[in-house]
Every structure is written in C-alpha cells, then in structure tokens.
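Listed below are the structures to be examined.
Both complexes shown next keep chain A, but they swap its partner, so chain B is in the first and chain C is in the second.
Coming up: the complex of A and B.
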C-alpha cells in the first residue's frame, strides 16, 4: 500500500471509528484537558523534578504549584509556583494567568535581584526551568492550537493524532496521545517530526486517585534530540482547598502565601 | 651471500622473477580482497584511510585523553562552519532574500543525519547555531523580557532583516561569531556527531546551496571538512602524482641509457618494493594516514637509486666485454657492499622514526625502512635477472660508446672531470666556500620557525583555504581552542565543621546523629543526591520537633548546610566569575584571538536583559543566588542545554571557548604561553585547575612532541650510521668523512628553510631522515670507489680522476633522474607533497654536490686520509 492509499485508509478508518464510537474527538480532547489541568476548583502539589541529561548527570528541582480555575468557566486559570530547591533559587516565584484563548501572562520574581519581571514569549514551547518539559506541558497546551483526529480506539485507549494549525508555532509536525478511556488521562504522548519520527515522549508512570480525582503522580518526558529525560513526582496533592483569587496576584510574587504553600 | 644472490639471479632468473612478482601479487590480493569484499574479509584487514590529525597522538596520550574527556563532559562537537556573504547588497546578508535562503539551508541541514548501525550520524540537530535555531533574549516593552526564536521565519522586509542583525549583535553569545561585526556576514555552525560525517554533510549542503540563485557566497570551513577533503585528495595524489613522478623518472632514465627495455627494470623494482611495503602496512592492520600515504613517494627514489647505480655501471662496463654475465658480475662485485650499506643506512634512518612519539610517523618510518630493504633485495636479484632474461639482441648498441677508451666525451663526463680536478686541485678554496655556506646556513637554522597548520596543507587558492581566509577576516575565527577549569571537590572539614558549629543549639543525640550523617557523604564527588537526602533528613527532623527553640536550631543547621554546600558550586560564585572575566579580557588582548566566550558572558547578558537592557548591568551579579536565578531564567528559553557547553551542571567545571583567526601552531603556542604565565600568578589557578583542549591545542601538542622526538630520532640514527660507516670503511676518519655530505646537506637545507621563512612542519621534519638515507648513499658509493681507485693507482690525483669517471657519472645520473623525477609533485594540490617534492630534489642535488665537490677537497686536506 503506498502512502497515499495508507492515509486514505486511515482517514476512512477514522471516520468509521468516529461514527461508531459514542464520543467525538472534541469531547475526548476537552475531557483530557480537564483531567490533566482542571481537576477540582483549585489544587496544590509539590513537584520534585529530576533532570537527567544525556550523560546521566542529575539535577533536582523542587517547587510547589498552586492552581485556581477562574470562576467564569472560560477555561482561564491562574498558577502560582514557588521554588524550594536548589537552595540558591529558593524563593523564586512564578505567576501565570493562563488564557484559554490567547497568550498567557507570566511574571517572575527573582529574590536575589529583588526583581519582578514579566516574561513575554512568542511561543510556549520553551523549557520549563531547564527540564525536558516545556512550559506548555506544565500549563497545558491550548486545544484550539491543533486539529485533532481519532486514529485508533483500543479497549483501554483513544489514540489521538493532533496536528498544529500553524506549523510555525511548534517544533513538532504532529503528536499522538493515548487517552485512557476511564480517566481521560493521557498516559503517553509521542511528538513526531516531519518524517514521522518520534523524538519526544511523555509517559505517565503512576496514576492515583486523590480526593476522588485520578491524577498522574509521576510522569516522565524524554527528548531524543537533546538526550536525557526529566522525571516529575507530585507529592502532597490536594484538591479543592479554597484558594482565593486574590492570592494569584503580582504582590504574592514578593510575599508568597506561606500558609497555602506549606 | 653475494655469490648466492648472484647465482640465483643469473642462473635461475625466471624463478627469481616469478617468485618476486607472485609475492607482491599475493600481498596485493590480501589487500584488495577484504577492501572490495568487506563482508567476506576472513579476518583480513581492509585498506583504511585515516586523515584525522588527532591521530598524530597515540589514543592514550594524556593531552588527547583530556581532550576527549572534556569534549564529552561539555558536550562539544566538531563543527562544520558555513559562512555566508552577500557583498553586492547594501546590508550584506541581512536582506529578506538571503535570509530566506539561509533559513532553507538550516532547515535542510536539520535533516542531514542518517542511521548508522548503532546510532545516528550527521548533524546534531539540537545544537545547530543559526538565526533560526537560537533564542533572542531581549526587551519587549517596559519591565518585560522576552525569549523568542531569533528568526522563527524568514523576514519579509528589509527592516525586519536588519533587526535580526541588530538582535544578534547585541547578544555576546552570537556577536562576531554568528554575525560579523559589520553586521553584513553570517556564520552558521553545524555540530557533527563525528568528524567523519563532515564529507557527506558538506556535500549535501553544497547541493542545497547550488539551488540558490543570486550572487551570495557560501563558504564551507572547519577542520573536519579540511580533513575529509585532505583524505580525498591524498588518494588523488597517490593515484596521479606518484605515478607521474615514476613516469618522469622512467623517461629520464630512458634518455640516459637509451634502452627502453632495460630501464623498465628499475621501475619494476620500485613498483614491487612499493607494493610489498604498502601491502604489509595494510595487511598488518595499519591505517593509511597523511604520513603513510607518502610512503610510495619515499620508497621510489630509494629503489631507483640503487638500480641506477647498477645500470650506470653496467652501461659503462657492458660495451667492454659485450658479455652480460661478466659485466653483471663485475658490476655487482664493485657495488655489492656500497649498495648493502646504503640500504642499511637508509633503513636505519627511517626506522629511527619509530623513536618519535607520533604513531603515524612511526608507521611511516618502519614501513619505509621495510620498503628500502625490499628495494635492495629486488635490486640485487631482479635487475641482474631481468638483464639475463632480455634477448641478447635488445642490448645491441647499449652502453657508453667511449667506455673502452676510458675517455668519455659526453658533456656530463667532461663536466665531472673538470669539477673533480677543481675540487681536488683547489681543495682549500672549496673547503673555505663550504665553511662559509655552513656558517650562513647555521644562522638560517637559528631563524627556523616551528609551525604547522593542517588547513595550510591546502594551496592558497584551494576552496578550503579561500573559505578559511574569508571567514577569519570577517568573523571571530574558525579555529577553536578551549580552556577548562575544574574546582576541587568539597573538603570534609570545610563542610562538616561549620555545619556542626551551627548545630550547637541542638540536643546532644540529634547532634551526634547529624555528625554521623555528615560522615557518610562522599565530598570528593559532590553528589547532589547525597546532600539532598541529608537535607531531607534535617527537614524531617525539623518537622517533628515540638519546641520553637529546637525548630530554630534545626533551621540554623539547614541554612548552614545550604550555604556551605553552595560554596562547592564554585563557578556560580561571583568571585570565581569575576576572575574568569579578567582572564577572558587578558586572552582577548592576545594576537589572533577573535573572541572568548564563557559562562560570564551568559550571566552578564541575562543580568543586563533582566534589568531593561541597561548596559551598566552588563556585569556579574553580586551573589551566587543572583547568578543562579539569572541562569534559571536562561534555562527557561528554547535552548537551556546550551548552558552545559560552558559549565557542568554541578558548577564545578567551566570552559572558555576561544576563537582564533589563525590556526598556526606558533600562534596557538604564543597564546598558551601568555595565558599560562598569567594563570601562574592568578587567584584562579590557586582555586581551580586549568586544562587546555580543542583541535588547535592538540595540533600544538603533537608538533612539540614530534620536534623533540625527531631530534632524538635523528641524533640516534646519525650515531648509528656513523658507527656503521666506521665499520664499513674500517676507519674512523673515513667513517666520519662519509657523514660530512649528510651533515652539510641537512644544515644547508634547514638553513635555507630558515632564510626563506618556510616553517618547520610535519613533512620537513620527516625529510631529515630521508637526507640521512640518501646523502650518505652518495658518500658511500663515492668513497668506496675512490678508495678502490687509490688502491689501484697508488696516488690520490689519479685515483680522483678514476673516481670522477664512472662512479661520479652514476651519482650525477642519479641526481638528475631523481631530482627532476620528483618535479610532478610540485603540481600536487596539497602543500606537504609539494614540500616533499622540492626537498627531495634539493637534498639529492646538495648531497650529490657536497659529495662530488667537498669530499675530494677534504681527502686532500685531511692528512689522516691521504696517508692510506
């Protein structure tokens, strides 16, 4: 079968699958996004990141993330990140106002320079503080940036293929996600280049039910192009702890909410 | 032995011939089979080419081990550099059209990698340095810093194109290395998985570039390309220049001896000797290196030399009797011991190269020595055998017409007779002239500059040289050297004592437990995980306490832990960075240094951009934490990994990238010396260990070792040959005399190099051994024959007349045949071959002239010799 025939067959198959399944692609994508980034009204987690480079050298980062979904159901969110380790960056804080449609607003506070900075980025596929994860992997990629298709449905998973609407805004040509049918958590995401070669892989290594929500407590991002991987372990995860909107304010950068972070 | 060989050659000519050719054929087969059918190699070695100058050093040589270790540690790759200029445009390359091409070129290059058995070869995509692959850190309005791709897509307008130039120039990481100081030219850096990938990548890049219209110019440079190109041209060299030299030698011999069939024999000897030597080289698993590719060119004159002596003598003797066997027996009884000894001395000369610490030079020396011995064997066996196998008729008219009368009237014979009488008659004048020449040469020798540069192995108008020149004129330099620093690990006391001191307020059991835990840490490795485990233990203990006092006591411990551990991350401290910064400024003052880039530049740039791009903030921040936090911002870019090309993640090792506009070893040596002097008195070297690496540095190391090793090899073989000569002539004075043409030749050759300004480089270095081999040859032949003549004539005047007949003619024929025969090497596109060509000719002419002019004069003037 040549490539054209193949893709034709896949598209046809995809149509069949879509029509046969009770759920359509947009719903899967939307549910997956909710499962990964919107559980509960708000949440908190302590993240331990181990960045292992191509030579096997390790670095640790520890940080606490607070999250609150906006009240207006727009899909907008606010994040507050407090860096704990290494000790020389302790007290560094990071505030994000995530817009479901549009560019996020980001602020950074560097205590040693006593400096609050706004960060502008033309895209969100920059590294998250040196990890193999991108900023976007932490905050969530906007669903509308890609077109999604269901390419396969197994007993346990929906396999989606997502292609960026604007190829210039992403370094990948497409990515495939394995969405668990029961939890809608993506357990694997493979980013492929123009040749279809997978160069970057996300894997959920451990999923637990916390406060009634299925949550990835351990995940890993591997990048073949640069080599190495980053493993993230979430501890002390809590949902619905009553974080106030006022907390996610520029003033908190310099004066982080100690009680909520503890 | 002599009669055994002679009988074999004369009585079993056919067998001798067949066996020789079969042996060479077999060796050839053993090389060709595994090369053509590598899958059925049967354990045989295929011909392997190695053009890597790094291999000038043994794999376990400390400088090379360091080089490889640090390259790996900092993730540094050999790079292929593409320079782009568009001088017909007002803004150079910063116009939408050119940048579009550049964008396309880089996009194509990102795909230039391929599967290679156990991995991928080609361009390391993630590390390409080009406008479209790097980040611009810049201001994006008040209080806003932006990390964005410098050129996410080709610009549409002139202004947008110019903005890219300005952005790049504003970033020290890219200024003058990626974008030229005049903001008109660009350089793109393509790191390679390994050097051997460069040929394919360069070709693929050329193919893409060929598709661009316009007058823009693209230059492909970088040492890896030069090496690959050299490898390719080396073969052209072996396939064209060496045979051309052989053909010319053939024609010259034909002119002299006037018998086509007969002069084929030295060619056969030369070819067989070359085939056997090269065959053995490959079969024994050695690689064909820049040096060993020259083996055929060295063996050829050596092989032809003895053959010419035989033919020359035969040419003069044959007409007397017109009987081949008698003539050959006569020739060989005269020439046997000079030929044997010349071959042994030549072999010794080359074998002495095995004393140098440079593996390719060792291989070269050993196999030329082997080739020389085979050349001798083939000469004494095959030339007589060949002559016997020829039909008698083909020798009709062969030989010197005047041989019978002993009064040859050819121009050469007359010239030699006159020359001989002059040198013997005006002995004092000749010696005086020689002493003058020597004095002049010795002054020249003191002026010799030891220098080499693999890029300059190409001629000036070669594509590689043109690219090199152009790019070094406009950008920071294509030659990389690296200077790494390593801070010592943490010391147990300096960490545990202050921490225990801070733990004074803890209850005794906790203190003891802490002390035990502190002892478990391996401070030398500075392992962060062990530290974090310890800190976790402290934090857990802190959580569990009930009193505020105790909580505070633990907090003190925790803070002490953090601050003293942080001190181990030496290159995050402002003190260290300021020292490095000062060193960088010093390095930059040195001649030929185009740019120095290190961790300070990254830290300072971040600091500046975090503070609104204020130039006054282009400085090292005041605390380690400020450095760490600036760098974490950098790590939030598209390419955080670039940081690790300058510092290791534990901040205990850092490296400076030094770009030089000159790859001359002499320039790198000067830099080394200056910087090492600077470091000797600096704080930096007190607290951190400095190590150099990089190809430009490696080149200096092997050259230093080669010069020292060559000196040793030369002196060693000089003494050995001297002893051999004393044994051969059974006389100290005659032995010493025979070394004089050699000593004069080498002094004059190197003196001339000094006066002309030609650097002492790799080919020049090995040629001292060739002089040893060839110059002494003439002396042996001349002295041996002169003494025979003296024995017959009883006085030196008549003996000299005889020596200046046939023996001198053989020497003169040799000088002309081999001296001119190597002129095709001058047409070679590779400079080392040209050097070899010129020097072989000069050595032969000089050695011949000193033998013919100086020896008779000395024979007359030294009483110890005259008495015999």
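Coming up: the complex of A and C.
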C-alpha cells in the first residue's frame, strides 16, 4: 500500500466519521430556516425581481418587504409587502400573518378600488407575483413538511436531501440543498422529480454581512418546466429596526407606513 | 492486504462518484467566492416624470343586439390616466386624473361631479395623521367597504354603473366622492367616518348609454328621453355620512355600518317637477368575514330605511328593504379560484302601495378566476342569476399582460331575462369590448 493510498484511506475514513456525528440534521434544518427567514427581531428589504421567461423577455417587479417575528417563540411572523413596480400595481399592499401551524392570514389591498380583500389559503407552491419563486420560497417552507437527511458533507457544505411527508402536497419528489457550514445559508437547492431529474434550481449568487447577519443579497430561481428564471436583488436591507406589531394591520394596507418603508 | 486495497479503491471511487454526481456549488460572493458580475440595481426617482405613472388606453365595444336609437358602438374612447403622489412633510398628496376622448357621445362638456366630459378627476386628496391613532384623508377619493364581491349592501359610496356595464376597467366601477375620511384606531374597535358635505349620487343608468326599464312609463327607455333628476339639495344641506366600526375577533373580521343620506340612484319621482329623485335613506348593517375550511366565508346584512316612505305606501318612492349576503371563496385548482354568493333583497312592505312584483329578489353569483402563463393571462367569469326574477348577467373577461408596459383586455357583458327584470332590462345593451393599454 503506497502512501497515496494511505492518505486517501485516511481522508475517506475521516469523511465518514465526520458525516456520521458532527451535527444533527434537525439542527442544520432549523439553523438554515433561521438564517434564511428569521434573522433579527424584524427586518426590511427592497426587492428587485427580474423575471426572464423562456423566450428571454424580461419583466420587473419592485417591492419592499417588512417582517417581524412574533414575540412568542412560536415561529409566527408578520409580513407587510408594498409594491412599487410595475407602475400599474404601485401602492398595492399585501399583509400576511404567517403561522407556524400553517393557518396563515392574508389580505390584499387594491388602491384604485380602495378594496381590502381577504385572500383564501392557497397552494404555497404557486408563483409569487408571476416570478419563478413560490410564495413558500419568499416566506419559508415549514420544516415539518419534509423529512430531512444529511447525505453528504463537504468542506463547505452540509448536503441535505429532503422528502415531502405528503407527496401530494408538493410537485417535487425530493430536493437537495447545499447548506453553507459557516452561515447555514442555502447556497443551492435542486428540486427533483420522480425520475431524479432536476427541474428547478435555486442559487445564492451573492452574500453580504448586514447588521451582523449573513444575508443573501442576490439569488436566482430557474425552472425548466416553465422555462426561464427570476433573479432577485435585495437592497437596503436592515435588521432590528424596531417595527411595531401594530404596524402589521389593516390600517397599514390603506395607509402604508411610509417612514418604515423608506 | 490485496482485498483491503481493493476495498479502499472501491470505496474511494464510490466517494468520488458521489462527489461527481452532485458537484458542490461554488461559494457565492461574500462567502469566499466571487459574486456574479452584475451591477447593483439603481433605482432613481429624481425627475418629475418618474414620479408620474399611469396609462394610455384605447377601448372599443360593440353592441351585440339592436337597441333602437343607439349606435352600434357601445364604447369608442381614448383615455390617458396620470397619477402622482407627493410627500409634504408628514402629509401625502395624491392626485389622479383621467383625460378622455369619447367618440360615442356628442356631450363633451366638463362636469366635476359626474366625471362626464374630457376630464375626470379621480383623486385629489391630502392624508395625514394628526394623532398617533388617527388617520385623516381630505378631498376627492374612492372608498370601499363591506364584504360582497360586486354585490354591495353597506357600501353606499358612489358607483359608476355605466362604466361597469359598458365594459370599462373594473377600477371605474367606483366613482370618487369629495369627502373627509377620519379613522380612529384602537384596541376595542377601529372607527371610521366618511362625510361628504354634498350628496354624490351614483353615475347611474340614465338611458344615455344604456337602456333600462322605466317603471313610470312601463317600457324600455329610448335614447331620446334620458332620465332627468332633481338633486336633493346643495352642499351641507344634502350631505351623506358613512360610519364603520370594525375589529378582528380571533380570525374573523367583524364590522358594523351606518349610513345617513339618500338613495344613491334615483328611487323616487316628483310628479310636480316631472323629475326622478333621490329620496332619503338610512342604512344600518353588519358583516363578518374569516376562514372556513380552505376558503373564506363572508356574511353581510343591511337594513334599508327609506325615510320618505316609512309605511311603504308611497307609490313613487322605493320601499324599505332588508338585504342579506352570504359568500364563500376557495382556491379549487392551480391558480384557479371559485367564489359563490347568495344575496337576497327583501321589500319590507310589499303590496302596501298596491305594487306588484316579488317580495324577495334573490341572486346567486359564481365567479371563476384563473391565471395562466406565469400570471400574465387572467381569465375571469362572473355569473349572476336570479331564480326569483329569472334573469342573468354574465361578465366575462380575459386580460393579458404582454409585457410590463402593454396590456390587452377583451370581455363581454351579457344580459338575459324579461324586460322588466333587473338584468333583463339591459338585454339590448349586451356588448363585447377590446382594449389596449400602454402602462407607464
């Protein structure tokens, strides 16, 4: 047995040992969810979405999201979304009270009609504002909806395979995520079908440390089934800005909190 | 040793294979990798025109049946809407104005209130919060409340029925009112008051663009004799007051409403003047809305007190009514939503004035809404059917956003039933329309 073989054997063994014991898979999933959706007590971000369809045509969406984690440790959150562009939806607002148990409340306000509409629960895996991102990609998928398995560990990543508990509630058979070890940010997620074919891919393209939190400031979702991709750039991200609970209310739908949205 | 070597080789190959099969992604910028070279999006809103948005639109419509005295075109218009908002200190000024060139009418004089003529001021208002829990909005504005879907009970704000039935964008169903809106938010119930110093009627069906059943003459109106009305009075003399108290109880929104004013469309006739009138009307009601199963259930009722006809014996004045609505909406498929409503309008003192007609006008509605092509195509079908009057109204539309800037709309308003019925009276006004909009 030559030296090269020896070292390879050691690396292989070391790898097996590490992947077997270093960290519990549930902890990875929980940390990844926190890193992606719960950082800080509250937060603000201005999103610029470029939706590129299969023919290469582009559409723009600009919106500001305010988020606040509820005071209890339930995982419940409130979101307020203000649409800036395209100009025909300017002033449209959207309020979501996300509940960890899944019973979300949603309201949509259409300024031209001064209409506050209560939105029925819908499939979370439908497009958010026509983008390749789903509602679930924006506000987070409940961890308990899938079973998670640590399938591999690389120098930089925990590689997880997640399978839906109820396959009827998801269009994918499983997805594989590369969770960055240092920050627990998902750097890549591949959604696969029954045949194991990847048809939908999320990629984190740029990360910045903001107010002490590592944050994906640019990401992309590609979907081969519908063709094309959506790129999201987040600007003016802030955490811990003291958003009050009362701000996430019907009042703000009609009269958006302009100071906090700036 | 040989076997051990073979095992090692195999296992290393397996490991390598696994790595090759799922190549780990390169680290993104900020985590050690380099960011993909795309410049940060810069949004500049410096110049005046960047602060103005709106659209330019061409819209044409044709009648699908013959209406004596009316042209074949139900719509033929070019419209430009300009919208802007300005912050002035802690206050906000909003303005929205429509410029309209209407090829189907010879009446081109400007009228602030009815929005007829070349200019329709849709909004001109000042909003501010004088106290932490108080919002004020002064000026010309649109207001909406209540839980019905195209069925209104406690929403007694002005509506433009002509635009709605002719096939303009749904936004034009709501007509603006010059009013003061005051809202006080607190933990018990949010209180809102909307006061219009001058009564503002609906932009009602007057026979000019759409025919209707004239119960006075007992026939369908003709183009030559559009309805003429008498105003209930001048500003501060004939005014209207809208009230709402609302709170969220658990997952349910509860609201109580009040209205002190006049019927919004003509509901009386002054024989001495020979004019239609807007008799006094007070309305009190309530609503509830919240989740049920996978959908949203809603309920609303209103008691219409026709003040000029307390006993229901006035032949020329609309009777008092009770109105009730139940609705349910649910997503039933991929980007497909269905909603159903039951509505009943009960005449309080039917027969007291010797009138005929049913005691109850019942109405079922069904809406189906489907989005396709990454939400760029929206199909909407809305059906009204009254089992008591045996009349129908179908509102069909398809809206295609070809790009962020261009939007096509095609649709139809189809009426069916006997002439004196609510929808049947518009049967000569069934129409189809097409529009192209440039959004900026």
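Points to keep in mind about this one:
As a convention for this text, the second predicted complex is superposed on the first by the 242 of 262 C-alpha atoms of A that agree within 3 Å, B and C clash if a C-alpha of one lies under 4 Å from a C-alpha of the other, contacts with A are read in each partner's own complex, and residues count from 1 in each chain.
The rule is short, and it goes like this: a contact is a pair of C-beta atoms (placed from the backbone, for glycine too) under 8 Å apart; a residue touches a chain by one contact, two chains touch by 3 or more.
Remember, it's a predicted structure, so these values are computed and weren't measured experimentally.
When both complexes are superposed on chain A, chain B and chain C clash.
Contact with chain C, but none with chain B, is seen for A:156 once the two complexes are overlaid on the shared chain.
Touch criterion met: A:55 reaches chain B, while chain C stays clear of it. More residues of chain A lie in touch with C than with the remaining chain of the pair chain B and chain C. In the overlay built on the shared chain, the residue A:255 is in contact with chain C alone; chain B does not reach it. Of the two partner chains, neither chain B nor chain C is touched by A:241.
Contacts of A:127 after superposition: both chain B and chain C are touched. Of the two partner chains, chain B and chain C are each touched by A:87. Touch criterion met: A:168 reaches chain B, while chain C stays clear of it.
Judged by the touch definition given at the top, the superposed model places A:115 against both chain B and chain C.
Look at A:135: by the touch rule set out above, it reaches chain B but stays clear of chain C.
Within the three-chain superposition, the chain B stretch that clashes with chain C turns out to be 566-574, the only such case among 566-574, 674-682, 710-718 or 800-808.
Within chain A, the residues touched by chain B in the first complex and by chain C in the second are 53, 57, 59-60, 85-88, 90, 112-113, 115-116, 118-123, 126-127, 129-130, 226. Residue ranges of chain A in contact with chain C, taken from their complex: 1, 5, 8-9, 12, 15, 48, 51, 53, 57, 59-60, 62, 85-88, 90-91, 103, 105, 112-116, 118-123, 126-127, 129-130, 152, 154, 156-157, 159, 176, 178, 180, 182-183, 185, 187-188, 203-209, 214, 216-218, 226, 231, 233, 235, 249-251, 254-255, 258.
Of all residues in chain A, those touching chain B in their complex are 53-55, 57-60, 83, 85-90, 92, 108, 110-113, 115-123, 125-130, 135, 168, 194-195, 225-226.
Per the touch definition, chain B reaches chain A in the complex via residues 72-73, 75, 111, 125-126, 135, 140-141, 143-149, 152-153, 528-529, 532, 562-563, 565-566, 569, 572, 607, 610-611, 621, 623-630, 632-633, 635-641, 643-644, 648-650. Listed in rising order, the residues of chain C touching chain A in the complex are 1, 4-5, 8-9, 11-12, 15, 18-19, 22, 24-25, 27-32, 35-36, 38, 40-41, 43, 53-55, 83, 85, 87, 92, 127, 129, 135, 141-145, 170-171, 173-174, 183, 185, 190, 246, 248, 251, 253, 289-291, 294-296, 298, 329-331, 334-335, 337, 374-376, 403-405, 407, 439-440.
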